[in-house]
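Chain IDs A, B, C and D follow the sequence of writing; residue 1 opens each chain.
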Amino acid sequence: MSLTYHLQIVNLLAALLLLISFAMLSQRRIAGLITLFAWQGAALAASTALVAWSTGQHHLYYSAALTLVLKVIAMPWYFFRVVKKLNVDRDVEPMINIPTTMLIGIVLVIFAFNLALPISELSGTVTRSTLGIALATVLLAFLMMITRSKAIPQVIGFLAMENGLFFAATSATYGMPLVVELGVALDVMVGVFVLSIFFFQIRETFDSLDLKHMEKLREK
Amino acid sequence: MTNGLSSYFTDPVQWAWAGVLFWLTLGFAALLLQQVPQLLSRLVFPLGALGALFIAGVGVAGLLLPASAVVLPIGLPDLPFHLRLDALSAFFMVLLGGAAFGITVYASGYFKSMAAGPLALLALWYHLFLGGMVTVLLANDAYAFMVAWEVMALSSYFLVTTDHKVPEIRRAGFLYLLIAHVGAISLLLTFGVLQGGHGDYTFDTMRLAEMTPFWASAAYLLALFGFGAKAGMVPLHVWLPEAHPAAPSPVSALMSGVMLKTAIYGLLRVTFDLLNIQIGWWGTLALALGLVTALYGVIFAAVQSDMKRLLAWSSIENIGILLAAFGLTLIFTTDGKGALAALTLTALLYHALNHAFFKGLLFVGTGSVLHATGVRHMGHMGGLMRFMPWTAWLTLIGALAIAGLPPLNGFVSEWLLLQAFLQTPGLTQPYLNMVIPVAAATVALAAALAAYVMVKFFGVIFLGQPRDPALHEAHEAGWPERLGMLWLAAGCVLLGLFPAQVISWLAPVVSLLTEQSLVNDGNWLMLAPVSAERASYAPLIFFAVVAAVLLLTFVWVRRVYHGRVRRSDPWDCGYPEHDARMQDSAEGFGQPIRQIFEVFMRVERETPDPFSRSPHYHGASLDKAWFIFYAPIARVANWLSEQAGRLQHGRIQWYLIYSFATLIFLLVFTTR
Amino acid sequence: MEIYWLLGIPLTGGIFLALWGCRKHSPEINALFSLLTLLAAALLTHRIIEDGPMTVGGGWFFIDSFNVFLVALTAFVAFTTALFSRPYMRIEAEHGKLNDKRLRLYHSSYQIFIAAMLLALTTNNMGILWVAMEAATLATVLLVSLYRTPASLEAAWKYFILCGVGIALALFGTILLYFAAEKVLGSGGTALLWTHLDGVKTELEPTVLSLAFVFLLVGYGTKVGLAPLHSWLPDAHAEGPTPVSAVLSGLLLNVALYAVMRSKVLVDGALGTDMAGNLMMGFGLLSVVLAAFLIKRQTDVKRMFAYSSIEHMGLITFAFGMGGAVANFAGLLHMTMHSLTKSAIFFAVGHATQKAGTQLMGGIRGLIKTNPTIGWGLMLGTVAILGVPPFGVFASEFLIITTAMHDHPWATPFLLLALGVAFASIFGKVQPMVFGETESAKLPYQPALAPVFLHLGLVLMLGLFIPPYLAAWYRQAAQLLGG
Amino acid sequence: MSTGILLQLAQTLLAILLAPLLMGWVNQCRAWLQGRSAPPITQPYRTLKKLFHKDAVIAHNASPLFRFAPYMIFACMALAAGIVPTIANDLPFSPAADVIALVGIFALARVFLALAAMDIGTSFGTLGARREMLVSFLAEPALLMVFFTASLISQSTELPVIVDTLAHQEFAIYPSLAFAAVAFWMISVAENARIPVDNPSTHLELTMIHEAMILEYSARHLALIEWAVALKLFTYSALGIALFLPWGIAVQGDLAALPLALLAMVAKLLLGGAVLAFIETISAKVRLFRAPEFLGTAFLLAVLGMLIHFLLEV
């Protein structure tokens, strides 16, 4: 009985997640992007926690907490610092203009849903219907990485993808085994750390984070 | 199949393998001997020559004894080296050993002056080369064969590039190795077709495998391509005139004289031994290719002015003749004319043997000339007969032999081949009856042109006046060189004088491949392959009569004639002062041929203007095949690689799109 | 027990070198740790020879004949590379390309990288496998960008982003795998254990697994360097320090392919079709052909050999795709040969470039005069990698091509074309580097070429004689991969 | 057998002795036809005698090959003359060399002549050698083809057998032989350095081939060469007769038929010489680079003959 409410809320959060991904696609300003990323993380954490509570999968609490700490607090804060330090918070002109990107995004979502349908049939979890959304989030994040021509947005796209994956894990299988989750989280953290080193190096070598400076290595 | 370790060195195949090992150890010993140069230069090559003699002996034993096989404990886990010595391998081992002995004896003198380091490396590759060739002949499974085959190619590549300072030589070596490698891959595919599946690559299983005509043809074509690339079959010949001249002369001799024959061996092995069906058109194809190759080769030989390049082209011609004989053999076998097949095959083997000797002789001859003069261009030679008589007379024997003149060996094999052509009436496919006469005519034409080429070769180099004052200092070759040349020349003469014996030795090979054997219907001094009424040739009588008449005339002239001789300037139609530049140059001698056959060539000419103070003439006849077949391939490859290059243009977004597109495509692909 | 040594030694090595900083002897210490790792690997290998496949560490680690030889190979090449990098990096530092901080970074992350790869090879958990792969990526990203030049930064960035995305997709694949496994094995840790999965592979849900395989293939395939996912590879190889290029080409690609193969086994079991095989054959052929034509236009020697790695990885993938005892055997053999040969080549190339002060092949001439050992090393290595016998690469190519001709004739024209073009391009470019005249002086210092000739010697040996136990491994592994 | 040997020697000697006579006869006919006063038929003998009594003059740089060549050439021609059945058939020598070997002999002689011509290294010598080889590389295969046609008919390359088949079996018309005959005529004209390919009696540098090669020879060497040339002409005529009008040649051991055979032979030779002279008179010499076309035609005719044999007569 109560499950259905939770379920509806989870679905709502899932929809929110998808919405945020679209918002990220259309967001030009880096700061805005980071905020959206934080919100996405929050939605993810909430849904995970909810699932954990409603299904009694306790290890999901840990991953929810991890998400909260890493993706809602630590990383956004960190990125804000980076942006401030390197003051690169200028408009990001995407490679493909926003409306087109949106259209492609919608196509991707439909595609993802179709793809996920046969699978979620098989799923025994209450949250199976959200698998399609997870996949959609992943693909949208991918799309965003393609369209953005600055370093930081690309990284945020990368992390958004990670969010999608986490969401897929929770929604399809109530999360991966804990050790894996931890490992993944660790990797993500290190990854971000490494990336931030890059930001500074790139910045000091090309004095901008614009990727168009990084097209030297090519076949003449 | 013995294990090999338990009972070693008991039958011919193991002796042969021992010979190979001896060569290998010798090669690596040479590396160690760098510190003691005099030992290196005095010891290694003579020992190698002994090894060659031994191999030839083993070959003879293999011809007499039944086939023997052994499995070595090396190779792939499921596929150790299988070696087998049957009559065919044995014959080619005799060829190899016989020619290699003379050439290596020659080499022992030729390389004396080399510095220790390069000499050691050269000795290593040289003996690896020899060992590789013998292993090719012994191999009884695809892996051993390919390994030996490529070792042969690789070592000869390093031999070709001995003098790698010269860019042309590097280019030649590169072209050689490239075409050899492509050929090798096509051989791999051949064996891929022949193999029984699930990784059984021994020739024994291949012999048993039943093939559909389609796959058999595929295997045959691939083999023809692969071996043709090694043999220098037109249009795969382009590497040969580059690589053979580039190598040091003894190596050129080995490559032209022996290595090309391994390709012929492989062709015979695959077509007649491994494939258990043959199809008529195979023969026609080989015949056609062979004739084209023969004619093409000899025509280009006629217009060369670099002596070694000329010889290389003439090797192409001879390969063409061998291919034609091969094709004819196939035609006869598929047509059920066993006896004729035997005759043709005999001609083929005989010619292979002959070519090994006279081409080896000619190449080492050019080696001595090269040492004496330091140039390869015939435009700087002439009159060398007076400064290096040994080389000249011995080379003359080779030249006459390769020109197919009686009573030397070249004539015997051509005679046999022409006989085979004459026996053709009654083939079932009528179109063949049309083809054969034309083929015979082409062979005859090629032979006649060969005479032209050889007159040019010998005349321009050794006769006439020296075209270069430096030639007066030209020195005769040393004794080892002379001995080597003597051996080869003796081979040319003896093979010419005793064909009946040689043919009886070839009998086991012939009966192995075409369940027929050639009976010599004549006595020991007369060769009558079919029957005495149909055709016979007795070189000994021939030789005896010529010699007798010659002697008689000589004596008679001495008797009736006072014998007063005056020396004076040449008369030359009373033309007062004439110098060396008035003789025909090499180009001049080839000019008529070039005029007649210009269609095959891309001719470059820069003629001097009549009033220039220092008139300069340059003419070159380039191989059109290069521009027809190879240049387009290169262009296409370049274009493709440009297109491929466009994919890699550095924008990470694009790279991401590749991954994205791949993902989407695969998802659609798998879930539809 | 050995397993803990195997993983522990490089890990502690990494940490130690990070803390201890760059002192005089840190290169030696680096080599020492690698040696210890090699010993541990040898012990483990010994155990496996003795007792056969086993799960250790409470089922967390699983060693069978497939990964044990990869472990041995990895440890070995890691050791020789450490030997090579000892003088190499010193000279780089002398040339002022590196400072102590970077050297320290180099050494520690080198060890971490090895540890990650060994973990990826030995773990029994597909999830941990993923984690380890990611860790390896991160470690190498730092190594690639070691010189801090714009080019190296760019290369590292592309490497990070592309492989990161790829690996993320692989994670999605892993999730799907877990999702399918959960149905059969129930949720919890065991559902991702390969041994368990292998046990029940026939019951796994086909549709899910085919989907999972697509994600895994694209994900790990990116790290294998399969076209068209290969774009990061040439940049990373060309711009990173040469020892890193050596281990990238020689080891990382293998490990990634190992991951693909592990999942292929499961998918084949579940689907019972050869869909996975066909996909891999397609990718393999595409990579071989594309790489061959890209090699043709290279001017940078390391970049060229990077493309050649793509080509060979494509060949191996193609072989595994064909499946069957012979092809799998050939694929495994080729993995080994390629690692040994390619790392040897990179060693030789490293010295050559260091000497010439450029990676452009136009600037490297007449090595055989300036330094015969480097010259012959490069020449023989090239000849070997081009598949000329008696070197072992030929052995595997022999099996692959003949099998292809027998089972999938349609593919052979592409192979013929690609191998021909690759041969022409590589040899045509290497020959003038090795042969010919040059005016540059002799090498001032003694290069560390023992590894080069050690590797080439092994390759030569394996081309003519494969030790029985090694052959037995290959056979068992081929069985495992569905021979 | 012994009679065989005797016959063989007799025939060979006869050929050697009679050869200059044929030469003389041809020159005489030519002179008559051109309305000149003819030299005596024995003129060639006188020339030989004169040459044998002169002092030999040899260029300074002449190599042994130069002095060896004339003997070689003479010996080859003698052997050829011995093989070709002139009066008697199936002699002991004949199995030693069939038609292919015969072509080989001619080639051998030619190569030696060419080499000798190049030996001194004069402009004319090399020029002559080149032209000679140019002519020969077309003439030789053509000659082979002619023989092939004949031997395909008689299923043998043995001259005796060929002659036997053509002469002593029931008369049959072979169209292929007609082609062969024309080809053979053109070839022998070329090979014997006659008009229209070459002119034996001129030293015009633009045209001469054979003469250019022997410019440097004198005295005994020249004599031998001239003799060999006469022999060659004789052999070719004998060949033509043996192939295309072989009637009258005695079969082996049939001594009674010999005188008749001898008479027939002489008659045929006289006729042939006259025809040769006639044709030489009425035809003009072709320009040198037309010579290949001339011989190419001969070659094609010969091949055509073979083809026709395969078409009609098999």
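Miscellaneous remarks
Going forward, a contact is a pair of C-beta atoms (placed from the backbone, for glycine too) under 8 Å apart; a residue touches a chain by one contact, two chains touch by 3 or more.
Here the structure is a predicted model, which means the values were calculated and not measured.
Taking B-C and A-B together, the chain pair joined by more C-beta contacts is B-C. As a whole-number value, the distance joining the C-alpha centres of chain B and chain C reads 43 Å.
The distance from the centre of chain C to the centre of chain D, with each centre set as the mean of the Cα atoms, comes to 78 Å.
Centres computed as Cα averages put chain A at a distance of 69 Å from chain B.
The distance from the centre of chain A to the centre of chain D, each centre being the mean of the chain's C-alpha atoms, comes to 101 Å. Across the assembly, chain C contributes residues 157-158, 161, 165, 169, 207, 211, 234, 294, 297 that each touch 2 or more other chains. Shown for chain B are the residues that touch two or more other chains, namely 644-645, 647-648, 652, 656, 663, 667, 671. You'll find the chains touch as A-B, A-C, B-C, B-D. On chain A, the positions that touch chain B within their shared complex are 95, 111, 115, 118, 142-143, 145-147, 149, 154, 211, 214-220. By the touch criterion stated above, chain B contacts chain A in their complex at residues 644-653, 656-657, 660, 663-664, 667, 671. By the touch rule above, chain B contacts chain D in their complex via residues 382-383, 385-386, 396, 400, 403-406, 411, 415, 418-419, 421-422, 425-426, 433-434, 436-438, 440-441, 444-445, 447-449, 451-452, 454-456, 458-460, 463-465, 522, 526, 528, 532-538, 541-542, 545-547, 549-550, 553-554, 557, 560-562, 564-573, 575, 578, 580, 582-584, 588-589, 591-593, 595-596.
Of all the residues in chain B, the ones that touch chain C in their complex are 73-78, 142-143, 146-147, 150-151, 153-154, 161, 164-165, 167, 170, 173-174, 177-178, 181-182, 185-186, 188-189, 191-193, 195, 197-199, 201, 637-638, 640-645, 647-648, 652, 655-656, 658-659, 661-663, 666-667, 670-671.
For chain C in complex with chain B, the touching residues are 157-158, 161-162, 165-166, 169, 207, 210-211, 213-215, 217-218, 222, 228-229, 231-232, 234, 275, 279, 290, 293-294, 296-297, 324-326, 329, 368, 383, 386, 388-390, 394-395, 397-399, 401-406, 412, 415-416, 419-421, 423-424, 427-428, 431-432, 435-437, 463-466, 468, 471, 474-475.
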